[in-house]
């Protein structure tokens, strides 16, 4: 089995700017994820951050990625639209994308969903219990009936997302809310996973169950094809069609797409 | 029952620039649709076109629309991004949107779907038969086993769309292809319908069955709520949560959303 | 608008056998529902119970019903399979079905879902908060952000159901669980709604919000077509097909379905 | 990687009773499938037929199967309900099931779907072209834009199935119809695939593309868990719930499920 090229993108601002966060994630959230996922021998891991040139995502990195993880929060607006569009086209062409926690508001996620991806939130150091709705799904492999996190930020419904293709986990929060915490969508030829936990104040990304879900999600969404979808070809008929119009014949002869679709 | 405010948007370029198309639709595609849908006493119909100021869609028109129909083709790139975003927010807030034929490539549709919405196509004057998969769906009311169109442009799979919430019609084409021709998606609080037929060279929008589907789709997708989804509120707990962090308490006191989501 | 024929089916055993339950529902759960839904002028309401002949569901009642509500619990196994199959064929032909609370284990629901419809449960007099995920759905009309019930039986995930076509409410329980509480599925030409609340010990069916959801669900799922789906017709080709086999020609001549499908 | 235990079930009546069919499949449809799938080193293949004791499906065979293929037609009614129920519980517990062609009317498929699974049909020796809607899905691995079969039985919509979780192929037929030819559903913890082609008069199960789809489907749906879903446990609260009723406390003390769900 070929190695899976995993690229972990993190905006890496909280950890730099706030000492309390740096204590939780001394090498950044991307560093913790690289450590935690790095134990999997089938992963070839790279990291990238906002402040690097091209946000650490030059064309050759994007194009050689099988699955990308995305953590962002305060710097969503600083991400270059051109990079976002390149990442989006890779997803549509077959790359996997795993959007983490506050990445719900990232350009790449909202652009792929088409909705605002808004929600309710609260920082109250409260308990979260993520219920496993589909234990037979590959992303839930090795996960029991639920994952309990002693302290997390709360995200509450209504989460403004399109109906997921698959809803894998629903969170219960101590303060009284629920949330669709792990969900998948097919977009183009790519698979998108949203996974809720991971507020910067908590060591969530060192929790073994959380890392298991992420490793599973990497394998499940990793690219298997590379098929561009940004073209609408003018095609010949496969069966006899008498009586094409002059306009159509001329267009076909000219090889022109200008009159079509 | 209150009237439904229907706004028919048409780019209105083919009909102006090409005499052959003008013969098919002397008052424009929007004119034909306004005539065909205007027989429904519960519809209050307006039309809008590309060349009008704000493309005929100033704020008060967008905001007072219950359902919008969208036909575009050669001028997709000429539509102002600001207008598109206003229309999109209205959909997410509850407005219905019915995207017609070559509108598959419109900014509003691709932005709401998140995908490229590409397809295969051919202009060969060929027969299309749209099979009715869900005769009990309100959009199919009054439609039989299939609709047959003697001549249409061909659109073939793979249509690069997210999995529809509901797939209502699949087309058979004489030349050998199939296409998901009528499909629905919920986006935010709004309902989006895509309906394939309607190439500018053919009088498709005077076909009674096609007009029936469109009238049904207007009623089914018409706005019932007006709820903005572009905000993520910071909320208080509904149940006791001991031990909120200092950071969270300070943020709540300041009424600030800056640390959250 | 024609009246909607609503049939409320209740096994009516708890109320007869247990005085504590009879105090909550003196005229039975069906009586309370008939009272609560009866304020809607567009409903023509009938009730039926297990101990009546044919469980109160002779053919003419089933066939003239637009939407049926089903509450059962301890007597699921006492319901005649023949009646269940008649009800199922009506659903597949276009009748609406609203399955209530412990009806998750009814023959009609499990037969339509194909799964075991199992769940976790607890009777602990605890708080339930049903979060509204789709305020623009007709079944949620008039319902706010959530419905709070001070005391209910707990139902917890995993609920063994097929992925719902639409997930409208998710419950939060005081004891730590979550549950998909309001969901819909299309089966044949009929629409099926499952709505969780309604344990016999609590006056849930007098709660105005609960009654609003049920009235909405009746209107949304009420029959609009009557199309049998229990036959697979042998059909002639719509387009020329040269070279049918002798076997096929003979079958078609004989009008026989015996070699086909 | 552990071998996948594949059980191919075939009613094996046409091949025995009709010489013309026996010429197409001298060792039976199950024999042809065993040959075609047997080239995959990761498959451990067994076959079973209607006339064998327990239809070739004694408990130990059912329970040690990871994925079962099912071809049936004229003998659906001869299959023992008890065997069907055992197979169904295995699917709900995690076994894969691939239903072939006329198996649409089998007890196991209709029981898992909940619908009648009816369709239109015609035997006219006509061309079928199966369009690939999701080339990135594991079941479509290695399959191009479409599969063309020179002669097959026609199946036409409306196919009375629940909305598929995933729609992978749609067929075009020469005679003018379309059909959802490859689709998947999750039921319990198991995955169900329906794949249309395979009329007994044609050598469809020796077509390399058809065999590729079936091999892919075996791998995709093969069991990964074994979790029974036919029980609804009474569970203790995970969080403090003051004030459980006497009735609930007594039930919990008695370990009784009789009052619950």
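Every chain is named by a letter (A, B, C and D) in the order it is written, and numbering of its residues begins at 1.
Definition applied: contacts are C-beta pairs under 8 Å (C-beta built on N, C-alpha and C of every residue); 3 or more make two chains touch, one makes a residue touch a chain.
It should be emphasised that the depicted structure is a prediction, and the values quoted were computed from it without experimental measurement.
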- Item | Chain separated most widely from chain C, comparing mean CA positions | A
- Message: So using the touch definition from the top, which pair is joined by more C-beta contacts, A-B or A-C?
- Response: A-B
- Query: What whole-Å value do you get for the distance between chain A and chain D if each is reduced to the mean of its CA atoms?
  - Reply: 32
- Note on the structure: Taking each chain's centre as the mean of its CA atoms, chain A sits from chain B at a distance in Å of 26
- Note on the structure: Taking each chain's mean CA coordinate, chain A and chain C are separated, in whole Å, by 36
- Item | Interface hub residues of chain A, defined as touching at least two other chains | 129, 134-135, 156, 158, 163, 165-166, 174, 176-177, 186, 238-239
- Note on the structure: The chain C residues in contact with chain D across the complex are 20, 73-74, 92, 102, 104-105, 111-116, 118-126, 153-156, 158, 160, 162-163, 165, 174-177, 185-188, 201, 229-239, 241, 243-245, 247-248, 251-252, 258-261
- Contact set on chain D toward chain B in their complex: 129, 131-135, 145, 156-158, 163, 166-167, 170-173, 176-178, 180
- Message: Applying the document's contact rule, which stretches of chain C touch chain B when the two form their complex?
- Response: 94, 129, 134-136, 138, 141, 165-166, 174, 186, 189-191, 224-225, 227, 238-239
